[in-house]
Amino acid sequence: MSKKIWSWLALVFGILYFGLPLLGTLEFSLKMRRGVYSLDAYAAVLNDPQFRATFSYSVIMALFTIVLGVIIVVPTAYWVQLKYRRLRPFIEFITLLPLVIPPIVVVFGYIRLYNTSSWLPLTGSAMGTNILLMFGYATLSLPYMYRAVDTGLRAIDVRTLTEAAESLGANWLTIMTRVIMPNVLVAILSGAFLTFAIVIGEFVMAALLNRPAFGPYLQIMGANRAYEPAALAVIAFAITWACMGLIQLVTRFQKFSRVAR
Amino acid sequence: MAFLDLSNLQKFYGTNHVVKDFSIGIEKGEFISFLGPSGCGKTTTLRMVAGFEVPDQGAISIDGQDVVRLKPNQRNIGMVFQAYALFPNMTVAQNVGFGLKIAGKPKDQIAERVTEMLALVGLKDFGARYPFQLSGGQQQRVALARALAPSPQVLLLDEPLSALDAKIRVSLREEIRNIQRDLGITTIYVTHDQEEALSMSDRIVVMHDGIAEQIGEPFEIYNKPASRFVAEFVGTLNLIDATVEDSSTGRVKVAGQHLELGRSLEAVNGATVSLALRPETVRLGRIADGDQTLTGLVEEVSFLGSVVRIKVALGGNHIVLDTFNRTISKPPSIGDQIEVSFPSESVMI
Amino acid sequence: MAFLDLSNLQKFYGTNHVVKDFSIGIEKGEFISFLGPSGCGKTTTLRMVAGFEVPDQGAISIDGQDVVRLKPNQRNIGMVFQAYALFPNMTVAQNVGFGLKIAGKPKDQIAERVTEMLALVGLKDFGARYPFQLSGGQQQRVALARALAPSPQVLLLDEPLSALDAKIRVSLREEIRNIQRDLGITTIYVTHDQEEALSMSDRIVVMHDGIAEQIGEPFEIYNKPASRFVAEFVGTLNLIDATVEDSSTGRVKVAGQHLELGRSLEAVNGATVSLALRPETVRLGRIADGDQTLTGLVEEVSFLGSVVRIKVALGGNHIVLDTFNRTISKPPSIGDQIEVSFPSESVMI
Amino acid sequence: MSKKIWSWLALVFGILYFGLPLLGTLEFSLKMRRGVYSLDAYAAVLNDPQFRATFSYSVIMALFTIVLGVIIVVPTAYWVQLKYRRLRPFIEFITLLPLVIPPIVVVFGYIRLYNTSSWLPLTGSAMGTNILLMFGYATLSLPYMYRAVDTGLRAIDVRTLTEAAESLGANWLTIMTRVIMPNVLVAILSGAFLTFAIVIGEFVMAALLNRPAFGPYLQIMGANRAYEPAALAVIAFAITWACMGLIQLVTRFQKFSRVAR
């Protein structure tokens, strides 16, 4: 009996813990026009060309980052599971590093290594800086991407599936594209989704590398306006929920999903 | 040279000598079991045949062709795993057709072969299902169909039944054996279950510690074990201490009672030897005239269903004997004095 | 009233009626098995006795005391789980002493009792080890010692052996039974393995679909099954179609051959009945004079080790019979014409 | 063969990806004195009273956050595993929210809810703001803490262990302290460690709530000095490594660790 009460209390507490700030933000974002609720703040935000520019920049960066992350993470995680199980703690440690190295350190390192007088002067051009930023983002999202893909791979028996496919005559590429990838698609998507959320909200790297991303824009708005940032936050939140919904949909439509999840 | 020939295979994992000098020639269409406890090297040997492990020494040839250098996907071998290993993202039909698709067969040929294979394993109407919608036994049948679909030269099965329930295990092993016989496909079957090996195989390889302890037909393995290990691993064994009274005629003494084994023994008079007897060769009461008899006290009676297992105390020794359950008569009770008998030929020393 | 009394227990999970009206009185010191396929309600019933599930209706009393309202930690019950459930952070000795420590016993008493219990399960020198250092069989013994240490009134075992290897399973079931007998502790044992239930129990409850199909001694359950379900679930069964020729004398026709069952049948003349026969009651050849005989063709011979299983075709019917392996003579071959015989009393209809 | 090369390439790439920026930072931090390597930058940082004040503030905040996190997460995760398995996807979703709601939103919400004119004017006092910040940190670290504890609990069979202890007469508190907690200690520690790293590096919340934390200090130094931030980054990195080492030690000394890990 007492257990039940406690657990429900915990649940309610958890919901309030996250729900209240969100509700507060939502309510505030509607109060731009004095005395009545209105969508004025949203209209102001959406009509701001700065918003459109920075937001689409960040979305594009996010997509590239996801592609890079998938290319790096999926084969690595696959081989670690297949052949180098002993390396797993080591690889896991590496993938956790971005959580404990502040982004500022990574950026300093990049600027140091790739400045205009270095052997690879990436910071010299906008495109080069974009690439650098993409690598930074990929680093930031690595823990999530790796964790997601690794969990997905663990759910299937990578080694036996690979051997089964090999004994049926499949080569490496076939195994990867027809057997492994389809079975970790949901995992990859959820990693991609987290990457997306991180890139959209990231501030430090974009600011230090001086790129027109959504994070710094959010920060500037937050410092200078009252209602618009609240509206922006709600919009950002809505986008991430939409992504989650999409993943749910994909999972539903995958007929073999009961195993793959 | 045999169809599938393994000669002098050796394999190390680090300093661990897992397979030590393993050789066997397997004829076309034969069903061979590798039987042994875990860690005996049976799975490693199978995986060397499949190409998943490379032998440190020795040769493997199929139909006269040396395959040691070939990759698994070049060996034309069908493999069935303990964990089924069906591709979860494909339907049953896609799973079965996978090997044919890889081989670049035209669509209608694949469809035809898939139908044929699914009919063979009794899953005609299951082509459109996904693996997670099947029971374990059905999944393993699909795995078998998938392995057989590209008409491999050799079929390898790695403890395919050990993840299944007892009843399904029994029915599926009969089914596998029948399919293998019908197709005449050369097969290696790895198992730690003696009953599986005995009931399915043309020949059994009993493995122990990286070595083939005995290779032979099931009846031979069970009744003429080449070593104490084989005798104990395959089936149950009664071990009785006996004192040799006359080694030339084979007279021994067990708990004050005499036995005539009817053959000369290697041990000297007065020495203690241990007699080995299968529980099922010992009978309750005195039946045939030539049989040896011993008298003892019933110590334990286990009713196992079709078989009743009775433990009889003979001085410091115990004999366990099996007798079939008879609907009409109850088994003896604990403490009864009873006579047990066995033919002297069935005693192993 | 019995020592442990379950009366009219019912349990729903949602709309799923898992246990429907289950009653049994268990005497002090009895060893009772709940036997049945998965989903038959046996584990749910056990968990209601343990207090992990609350019955929707019915009463449970131990030694005259109603326990339905008591929490699991107030019931003084010992429980052994399939997954061992040893506390991984405690040594073997701490595990065994956990219940006594909870009960607030003094340290030296706990130590003494732990030593005694570990000796009982044959793990005297293992007190300082951690569970992960033990084999599965050893872990389950520790779990048994832990459950018994606080001297519970009732011992509950939930498929304790099903995670273990076949050989250990057999030796551990004997050990459990011996310990139970020595301590005289009232025990409920849940299993889906008929051999376990038959060999260990004083009485067996065969459960099916939330109902006790039959309660009785092992010999009775096996040889006088109360229903077709019990007969088929416990042991193997041959089912043969026969045409009744004379229902008053029990004459029937099977594949053109006549059988005299020696008792009147309920079916009318000309009707088709199905005869049920245990494989082990059928013998090869004609042995006793009163036996019924049939002639057929050998269709399949499976050498299972101690037992050879022969499938005989009789027209459209099949009879499977078991015979013990004899060291000297090989079993018949496929295609041989043979005679099989069985006592007419062993035929169930 | 080609597989091996690829997987080693992936590995080397991974190490360079993280190793290079770190090495660059380390090398740069030693170059404060012109022409020679020296520890001048470190000396400057360690002697800065601001550094000491902000760092110890953040450490204390981190410790409180960890305690709060453990109290919230462990019982919740335990009950979800034990009784409310159906709620698990829902709870997991909630614990992932902080990853997708930018911290800025959370802080805005807090300020909105607990400002000086609200029913609970936490932002009115330094202590109140500290508490608010602690809750914010706990929110940020929730995904890591929950994930770690949940993984730890999954590794043991929570339900059967609980039932076994119950059948031996144990009550709820005994089960929690003697059976569950000791078996997920390493998991809790690794969650605590990540929490620590996050709190030490966090910038947005501390800055917006105007508390003297290490994150804003790092930011200020980064904007105004050249070598000191590099030294700070190396120090932060060293601390996190030390924490990791400590956890390894605990794991070693735990005799039953093979199961608990």
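Note that the chains are named A, B, C and D in the order they appear, and that numbering of residues resets to 1 at the start of each chain.
By definition in this document, a contact is a pair of C-beta atoms (placed from the backbone, for glycine too) under 8 Å apart; a residue touches a chain by one contact, two chains touch by 3 or more.
Note that the structure is predicted; figures quoted are calculated from it, not measured.
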Pair of chains ranked first by number of touching C-beta pairs: A-D
Chain centre separation in whole Å, for subunit B relative to subunit A (CA means): 53
Distance from the mean Cα position of subunit C to that of subunit A, given in whole angstrom: 55
Touching two or more other chains - residues of subunit A: none
Multi-chain contact residues (two or more partners), subunit B: none
Chain contact graph, described as a line, ring, star, complete graph or other shape: ring
Interchain pairs in contact, sorted by label: A-B, A-D, B-C, C-D
Residues of subunit C touching subunit B in the complex: 166, 174, 193-195, 198-199, 218-219, 222-223, 234-236, 278-281, 300, 302-307, 309, 322, 324-328, 330-331, 343, 345-346
Subunit B partner contacts - residues on subunit A that touch it in the complex: 156-157, 160-161, 163-171, 174, 178-179, 182-183, 254-256, 258-260
Touch list for subunit C against partner subunit D, complex: 50-52, 71-79, 81, 83, 85-90, 98-99, 102-103, 130-132, 143, 146-147, 150
Subunit D-touching residues of subunit A, taken from the complex the two chains share: 2-3, 6-7, 10-11, 13-15, 17-18, 20-25, 27-28, 72, 75-76, 79, 83-84, 87, 91, 93-94, 96-102, 104-106, 108-110, 112-113, 135, 139, 144, 172, 194, 197-198, 201, 203-204, 208, 218-219, 222, 229-230, 233, 236-237, 240, 244
